[in-house]
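Two complexes are shown next, each including subunit A; its partner changes from subunit B in the first to subunit C in the second.
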Partner chain A sequence: MKEYLLLNLRALKGRAYPRVVGGTRELSWIFFDTILPLLTVAAYVFVYQYLGSLAQGPQKEYIGQFVGYVILGGAMTAYWMNVLWSMAAQFYWEKEIGNLQLYMIAPMSRMAVLGGMAVGGMFYTTVRAVSTIVIGVLIFGVTFSLGPPIYLILVFLLTLIALYGMGMLFASLYMLYGREAWHTSSLLTEPIYLVSGFYFPVKYMGAIVAVSASIIPITLGLDALRQLMFTETAGIHGFLPVEVELVALAVLSVLFLFLARHSLRFMENLGRKTGRLTMRWQ
Partner chain B sequence: MNYAVETKDLTRIFRVKKRRRRRSESKGSEQDVTALKDVNLRIEEGELFGLLGPNGAGKTTLIKILCTLLLPTSGKAYVAGNDVEKDPYPIRRIINMVSGGETSGYGLLTTRENLWMFSQFYGIPSKEAKKRIDEMLEAFGIWDKRNAKVRTLSTGERQKANVIRGFMTDPSIIFLDEPTLGLDVNASRTIRKFISDWVRETSGRTVLLTTHYMMEADELCDRLAIIDEGGIVACDTPRNLKKTVSKASSLMFEADYLRDPDKLKGIEGIQNFTYKHNGQMNRTLLTFIVEDESAVADIVSRIVEQGAKIHSLEKREPTLEDVFVSLVGKGLA
Partner chain C sequence: MKENLRTLLGAGWLGWQMEANWTDPFLFMIYSVAKPVSAALILVFMYIVILGGVATESTAFAYIFLGNAFFIYVGQVLFGVTWVIHEDREHFQTLKLIYISPISFYYYIIGRAGSKILIATVAVVVTLLFGIFILGIPVDAFTMDWALLVLCLTVGMACLVSIGIALAGITFMTAKHSGGINEGIAGLFYVFCGVVFPITQLPAWGQSLGYAIPVTYWLEAMRKALLPAQQLEGTGLHGIENFWLVALLAVSALFFYFLSILIFRLGDYLARRAGKIDMTTAY
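Our next item is the complex of A and B:
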């Protein structure tokens, strides 16, 4: 048992390594991962500032508050992208390169490999997220009013766990289906930005959309983070009470990790049966 | 005692879905490819066992099943006594696999970093792993490439690194799928020597190797199975295999270009027969395996009948190639 745990920790470290080293050897990510995404965020900020200048009374105030919300949304996008493209879809590349079959014949858990990708990518993702926030503060003058730090940390961690659990679930699809799964990732990019409330509070999507979108951990995670980082407006723009969202995130974490584990096993067996596990060029 | 590898009536069929061409064919039709058919094989611990067969014979399919990457369609396969279907985990702990032409790892890592990464998937403590890697880089003569990015390595250098990747985890059973594919004489020799030293160095180590180089199979393997179209057609030591054709002898003729060499097929006493045209020299090379040398007279007269002159005749000791030809009815190359 202890030996198995140690093996998987080493495996995780091993797979995280190329990610970490890769970032220092190829510096183009600084541009693609930090500057480019900021443009989208900035576009929304300008739109809100313009709308704000037209509006009056409480509406003017609301719109001003949305600037901070967009900045936070932009920061969390980084994690969403990391899960979708650098972890879930990664199994597709690994198969093309020929690495996947070597992962599969190794005694490690498949979740350790995926965990390694996640952890390895975390550093750069965090750099991207933090740089978005810093620019929000410096250029757009966003001010925060923070809630209890323990809640903040808990929400952030649970959001990440649930999110990466979900990524592992997607990865199991990539293990067998290459290009088909690829389309899923595209589908999960822009539409998810919209319904998960990356650019404005999810509450305003209406209850039905908001509840449906909550299956994606980033929805509730982002809503809770906004309530905890802009406490003054939490009562106005928040979707559900933070405590409820915290419990929901915990449930999602367990659920996704459980599903991922089973789905990975199921897909691996299906792949062994059909021969797709090692089939390239799909 | 368990066999290192044992298969019982092992069969693997691939379902290949054909894409719909016309609307009227409402369902895509399916076509089956039988890659392995009722394969029975027993490899003992400590053996260096070879699988020899032409392209598409089913060698890689068999290796994939034994490496737990593919399930049998029917029949059983055991590695060190563990069922590949039910108990893949204990198998994965004691095996490794290297295939020819593989491009594993990440191009932006160095040779050493890549190897270290793979060692971590087997839970080898870093220090120990690095020591083994350095020793093996030295042994394979690519020590000077230790800090080169993998994407800059030549085919031969990369394949040596792949072989190191397989052996550094100290497996009890290693599967090598055409490990010397596309390598020059020196690189192949280094790898071959390493393999045969490795298996003899410590008892209980087993190698299953596929190849379609006759020399490699002959020189390296304790025992060989000849596989063709998914079935084992013979299994013995290279020596015994050669004995089966030694009653027969192998005759090589060099004649003028023959328009219709297939006409020579029907001659009595011929066990098997292949030919090659050499367009440049305007000659045809014919190889006959004959049970009885009195067939020579017939062969000569039939060649002459076609209006060709015979330039040379040579009798050889049988090689594995001859065994192969006599069993499979075609050459390997």
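Our next item is the complex of A and C:
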């Protein structure tokens, strides 16, 4: 048992390693990963500033907060993109370059591989997300009014665990995909940015959409982070109380990890039976 | 000429199959439409959150919505054209096979771009219809300037494809970064070309940059074609007459056409010399 645990921990470390090291090996990618989200963020900031110049009502005085919401949302897109392209679609890439079959014949659990991908991805993406926030805050002069730090840390960690749990679930579902993997991930960008409120408070989507979108952990995580980082407007723009969102994120974390484990086993068996685990260029 | 036309059509058909035949047509249609409509709706909700509704300052709303709708072409064409190199070289590993076949690779790329333009056109049309019939943007088929629309759309596409091919030339020499370069250029255009806000919102250096990019004039011309009687003031381009907008577009399209040939040939030569035509970088 101990030997198996150590084996899986080594596998997890081994799979996380290239993401941690690779994140700094190609410096031009750091530039692209940091600056690209910032371009969209900058465009949306200018949109808010422009709309602020036209506004007459109470929202006009909150434009500074909206700029902060956009920067935070823009930074969180890095995590969503990482989950889509480097978690969900990863087994598809691995299949295409011939690594998936090697994972299958190695003696460790495939969950350890997915766990390693998640841990490495979290580190890699956090560096970029923090850079986006820092640069965005410096350029656009956002000021925060922070809530309790322990809540901030808890919300952030639970959001990441739930989000990457969802990524692990998606990875198993994507395992048998051909080109659909590429298109599905591509499809899950703008529509999710919309319903999860990446660039405006999700509350304004209406209760039904906001509750439905809460199945995506980043919806509640982002809403809670905004409430905790901009406490002055938390009561106005927040969707649910932070405590409720914390509990929901904890439930989602457990749920997605549980589902990922079972889904992985099911899809792997299905792939073996249908001979699609090694099929390339579909 | 006949050979090149056949290459164009063949590459266009191939591109269409690669884009569309992974699923059934209905699902493909939903996929093609969901992304651009969602992107438009993000702006709609931002607008509603701040101004309370799209009827408030409706000229500004139309400016934002139309700019965003036509920008779909920019993202699709720029990203699509350059991605052909990367996809054929590394994913399907067919670039070397196309190279040794008796066709013009330049026309092959343009043909592949054709399928991207077709898909983008569907998305643009659906987004525009959504804006007109659901959000009430007052585009009227009887009052819009059809000649300006067709002319600017054609010249604008030629310009975008030329920029895309120039970027494709650079992609010959790059590894996985090509996606980043494309997105970076599209992102720069999104910020500096007055797509979703007037460029007068930008600092002076940003405005100067915006005035140097043809996409700025193209979007303005498209807005003028669709809504000739309802133009937003204070955009920095308000006073420019249609003739000069078209002339600026035509000159820049011609400039980028020659530049694209130059960069494409240079990239091609350097990639062959460095043995990078069949490079794979573990996408």
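One rule holds for everything that comes next: the second predicted complex is superposed on the first by the 281 of 282 C-alpha atoms of A that agree within 3 Å, B and C clash if a C-alpha of one lies under 4 Å from a C-alpha of the other, contacts with A are read in each partner's own complex, and residues count from 1 in each chain.
The rule we apply is simple: contacts are C-beta pairs under 8 Å (C-beta built on N, C-alpha and C of every residue); 3 or more make two chains touch, one makes a residue touch a chain.
Here the structure is a predicted model, which is why all the values come from computation and not from measurement.
Partners subunit B and subunit C fit side by side in the overlay (superposition on subunit A). Using the contact criterion defined above for the overlaid structures, shared-chain residue A:180 touches subunit C, although it does not reach subunit B. When the two complexes are overlaid on their common chain A, residue A:275 makes contact with subunit B while staying clear of subunit C. In the superposition on chain A, A:204 makes contact with subunit C only, while subunit B stays out of contact range. In the superposition on chain A, A:48 makes contact with subunit C only, while subunit B stays out of contact range.
Considering which of subunit B and subunit C touches more of subunit A, the answer is C. Rounded in steps of 10, the angle subunit B-subunit A-subunit C defined by Cα centres in the superposition reads 90°.
Applying the stated contact rule after C-alpha superposition, one finds that A:97 touches each of subunit B and subunit C.
Contacts of A:190 after superposition: subunit C is touched, whereas subunit B is not reached. Of the two partner chains placed by the overlay, only subunit B lies in contact with A:7; subunit C stays clear of it.
In the superposition on chain A, A:61 makes contact with neither subunit B nor subunit C.
Shared-chain residue A:35: touches subunit C; no touch with subunit B. Between subunit B and subunit C the least C-alpha distance in the superposed model amounts to 7 Å. In the superposition on chain A, the residues of subunit A contacted by subunit B and by subunit C overlap at 26, 97. Put simply, subunit A touches subunit B in their complex at residues 3, 6-8, 10-11, 13-15, 17-18, 21-22, 25-26, 97-99, 101-108, 113, 269, 272-275, 277-278.
The part of subunit B that touches subunit A in the complex is made up of residues 14-15, 64, 67-71, 89, 92-93, 95-97, 102-106, 108-109, 113, 116-126.
Remark: subunit C residues 18, 22-23, 31, 34-36, 38-39, 41-43, 45-52, 56-57, 60, 64, 91-92, 176-177, 180-181, 183-184, 187-188, 190-191, 195-198, 201-202, 282-283 touch subunit A in the complex.
Residues 26, 28-29, 31-33, 35-36, 39-40, 42-44, 46-52, 54-55, 57, 59-60, 63, 66, 93, 96-97, 178-180, 183, 186-187, 189-191, 193-194, 198-201, 204-205, 281-282 of subunit A are the ones touching subunit C in the complex.
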